[in-house]
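Got a structure here, written out as structure tokens. Questions coming.
Here the chain labels run A, B, C and D in written order, and each chain numbers its own residues starting at 1.
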Amino acid sequence: MKQELVQIHSFECLTAEILELTFISEYLSTHAQPGQFVNIRVDNNFPLLRRPFSIFNIDENKVSIVFNVIGTGTKVLARKRKGDTIDVVGPCGNDFLSLADDSFDTAVFVGGGIGIAPFPFLTKRYPAGKEIITYVGGRQKELIVEKGLKNAKIATDDGSMGFHGTVLELIKNDFSTNAPKNPRFFLCGPNRMMKVVAEFAKEIGATCYASLECDMACGIGLCQGCNIEMVTGDKKYRLVCKEGTIFETQSVKFS
Amino acid sequence: MKQELVQIHSFECLTAEILELTFISEYLSTHAQPGQFVNIRVDNNFPLLRRPFSIFNIDENKVSIVFNVIGTGTKVLARKRKGDTIDVVGPCGNDFLSLADDSFDTAVFVGGGIGIAPFPFLTKRYPAGKEIITYVGGRQKELIVEKGLKNAKIATDDGSMGFHGTVLELIKNDFSTNAPKNPRFFLCGPNRMMKVVAEFAKEIGATCYASLECDMACGIGLCQGCNIEMVTGDKKYRLVCKEGTIFETQSVKFS
Amino acid sequence: MIESFKLRNVEFNNRILVASGTFGYGDEVPDLVDISQLGGIMTKSLSMKPRDGNPNPRITETASGMLNSIGLANIGVHKFISDKLPTLKKHDTKVIANIAASSVEEYCSVLELLDAQEGVHGFEINVSCPNVKEGGLSFGTDVTLVTRITKELRQRTNKPLIIKLTPNVTHISEFARACEAEGADAVSVINTVIGMAVNIHKRTPKIATTTGGLSGPAVKPIALAKVYETVNAVKIPVIGIGGIVTWEDAVEFFIVGASMVQIGTANFINPSTGITIAHGVKEFCEKNGMDNVGSLVKTLQTNRTISIVDSWL
Amino acid sequence: MIESFKLRNVEFNNRILVASGTFGYGDEVPDLVDISQLGGIMTKSLSMKPRDGNPNPRITETASGMLNSIGLANIGVHKFISDKLPTLKKHDTKVIANIAASSVEEYCSVLELLDAQEGVHGFEINVSCPNVKEGGLSFGTDVTLVTRITKELRQRTNKPLIIKLTPNVTHISEFARACEAEGADAVSVINTVIGMAVNIHKRTPKIATTTGGLSGPAVKPIALAKVYETVNAVKIPVIGIGGIVTWEDAVEFFIVGASMVQIGTANFINPSTGITIAHGVKEFCEKNGMDNVGSLVKTLQTNRTISIVDSWL
């Protein structure tokens, strides 16, 4: 893990609401694994704390993240330009690949809105010989990113793109007609979405991993602010930033 | 006085360190007088308070200020671009023209560094029939602005431009060889500079006005934070933002 | 949609007030602000005699806040009555006279003078003043003195009597209870927090009096906690103050339990903040199906049985 | 150029420490920070038994600050000694064990266990803990209890004993005087300020425990004022904490009178803040012709005869 001042290489609008920000980092591009995140100081004074962002893609020495403008931090980030520098700590957290053993055939990625963020990089690095299906859910089409995803199936709450309904409904439909062989689930997105998809995975007996999100002060295990309650194991809480962000869904209590 | 969201029309580098920022305001361009200032919210969250800037020039519907990057506020301001909007309150404070009666022949403007700010606009609006001489002092040439000034005479502490020495020394030199007829002084700049020039004006029996600077929370008379101690009159203190910024120098106590 | 709020015998148009010392005597900003859209104006603290206030520098900016030590510069109660009140009366808003004093007797005399004035609708008592008789210790940090001030003033007015509490005490709830017991109609929470800043090059304090009062967004979390402690201690209305800039900030105070709120430092940035907030709060209520801003008040859902002290943080 | 500072029998390499609860047990950040460049590490507060801490959410950002209610989650003193101390010992820095407890007896027992450990160079006592016997009121707001804790602990150790004071009291100087009288070697000023934030959509507190501790730049002015009050009340060294992010911030504390400083929240943003500050302070001293950082301490020029209470702000 390193703290670096990196230069912004480009901005790209992936949808009307979602931006991809690409910056240059030799170090991160060689050290980061899919599912890890970077912790960005968007500006010198305000907001005070860093903002965590999943690594969306790595291409040679270029690393990218995706975001939509929600509040203070993302507003400042969206105003940066090519050539500006930003202060990045990373790679943080655990990663998908080193967690999952090999005993499955189909990787089912499920992303809610901006929660697709880790999947393009994961898709790229996925071991050969595994099937990949990607489910993407969102409120409306402006929040749906397809870039870098494989076999993407889309559900929107308002029906403006793909299936009209929740991503869980779409998954259930698909699985009832044409269940993938020996699936394993990888989730990222709003807790509510991950909770119900994790329940479905449990019902069909599939292992399920989720990358959890929660407010973080440090992102590196110093503040103890990012605890998640466990239902298995000896510890009542674990730290999302360090012992996660990825957990086996049956081990944690979704809030 | 109004509060407006105005659009930035352009940036110009006047020296290696000093920027001119021009914005569009119908209202200010028709209502502001030389010596008045505008109070700018440079950003939504940080810094908290507005920053006051003298009106440097008005050209049709375009109003400009000049500044150098000193701290938080000016750093943010310098990062703005053409087309961005800024939140401006103004015009604030009293003005040079309505204060000064007509009983003099030569207007002597003395600006220290960025303190020349009000003089180009004042020069432009000055009643015909008066001579104008402008003295500009600064640490080095990067802090000397000549744009819009009339008969500008320059002094730098390091001798990198014009006279090598303080602006007071230059004035004294000039006055000893070729004293202007019946002068009146108008000062703007660091307190230390204004204090000594005001003393010289007093010595030679000339009336002297100074535009004072001090930290302001509101700029419009609400906070009572900008008091200056008086040596004449019935009030111990007056408010720089509202009862000034321009005072007859013998009436105030320079700190 | 009911926005108004009644305190004792006075009905405020809405629950948004401007805080003492941050809006002058209401006559500084006529161009920029339509004062009638405010629930009320708390005047700059008034003392018996005019006060020059403290030397310069009186203010300095801090991270998301500011320090001030104006020294309660004011024109004195007589001049307020003769010069300011006539103008203030013309606006359709409530005028609450904020009183500062250096003795219990002075509080009483200033209040009596103002109580006789028709255009003065109520009183807010600034107890964050040095008690000259007791060597300059603040009235506001001594519960016996706050009790006495409240008792004496209550006997002298039938208009709303609001005591403005200082946050610089261990248990603000003790003070609020004392005010309630002596018949105060409400308490205002909070005045500024003691703070300081240093010019490292000159090695001098950044404000002339060394320490000053901290205000602005930086203190909002502190103010909310003090309001929370207070609303859980008394039944009289609590007026929330501290760091309110947006309508969302105001809603936080209402949810915690403030019946009204005051806008202070934010007026320096946007003098019309109070009006913007009044509209924002109203809209928020309407969107959420409330027909009364009061429906927001004290609706915080928390399952903590609280004693407001440092717990296991 | 002397940067070091001696407290009782321990010489710290420099005057910059990292604050309890903001640097784990010193083993979280080896890649990013060369710990040996720090004067010392205050450990996360240690209690006798391990503590899970509070439920989520434990933190939330505020304007130029943050609220936390970690609940003193820690691995317990035994595990600290067996698992963390051996690694910590390897660094050329001083390890100050911060102790939290829910009874005077627990403070004593934890200290005794740690006092026997060679790698523990001193103690910082977190008195901002609920006193279980007294219904959860904080030890730190009761001067009798702080006196008793200091007295008991002083009898049990010859290593530096530092009491970490809470700012949430009317007169922090009373507490500092009590600590001095009972033989404490220093006081740390300040712990977090009680604060609160509300999610207006859910109408719930933003942290699970309703109120939490405010830290970061927002509290710097408060911390400086508390340090100022304290240094004017006692002769023992005062360790300044609160909102320090830059070396300029640290210099402000030194000028006011802090002998050492601690970096807290800033570590979350830049874990190497302490090191950057150590360099910055050193450079500033050199540029200003000082051969000792100590030449900065308590050099504030002020002509105010002060009683630190609300004065005429």
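Brief remarks on what is shown
Keep this in mind: contacts are C-beta pairs under 8 Å (C-beta built on N, C-alpha and C of every residue); 3 or more make two chains touch, one makes a residue touch a chain.
Just so we're clear, the structure is a prediction, and the values are computed from it rather than from any experiment.
Listing every chain that touches subunit A and subunit C alike gives B, D.
Among the remaining chains, none touches subunit A as well as subunit D.
Taking each chain's centre as the mean of its CA atoms, A is the chain most distant from subunit C.
Each chain gets a centre from the mean of its Cα atoms; for subunit C and subunit D, those two points are 33 Å apart.
For the pair subunit A and subunit B, the distance between mean C-alpha positions equals 53 Å. Between the CA-based centres of subunit B and subunit C the separation comes to 36 Å, rounded to the whole angstrom. Computed centre separation for the pair subunit B/subunit D is 46 angstrom, with centres defined by C-alpha atoms.
Each of the following residues of subunit D touches two or more other chains: 53, 63-65, 68, 70, 216-217. Shown for subunit A are the residues in touch with two or more other chains, namely 45-47. If you draw each protein chain as a dot and join the dots that touch, you get one closed loop, with every dot joined to exactly two others. Chain pairs that touch one another: A-B, A-D, B-C, C-D.
Those residues of subunit C that touch subunit D in the complex are listed here as 51, 53-54, 62-65, 67-72, 100, 128-130, 135-138, 140-141, 166, 168-170, 191-198, 200, 202-205, 208-214, 216-222, 224-225, 228, 243, 248, 251-252, 255-256, 284, 299-302, 304, 306-313.
Interface residues of subunit B facing subunit C in the complex, by the touch rule stated above, are 1-3, 41, 45-50, 89, 214-218, 220-229, 235-237, 242, 255. The touching residues of subunit D, counted against subunit A in their complex, run 21-24, 28-29, 31-32, 44, 52-53, 55-61, 64-66, 68, 70, 73, 216-217, 265, 267-272. Subunit B meets subunit A in the complex at residues 45-47, 72.
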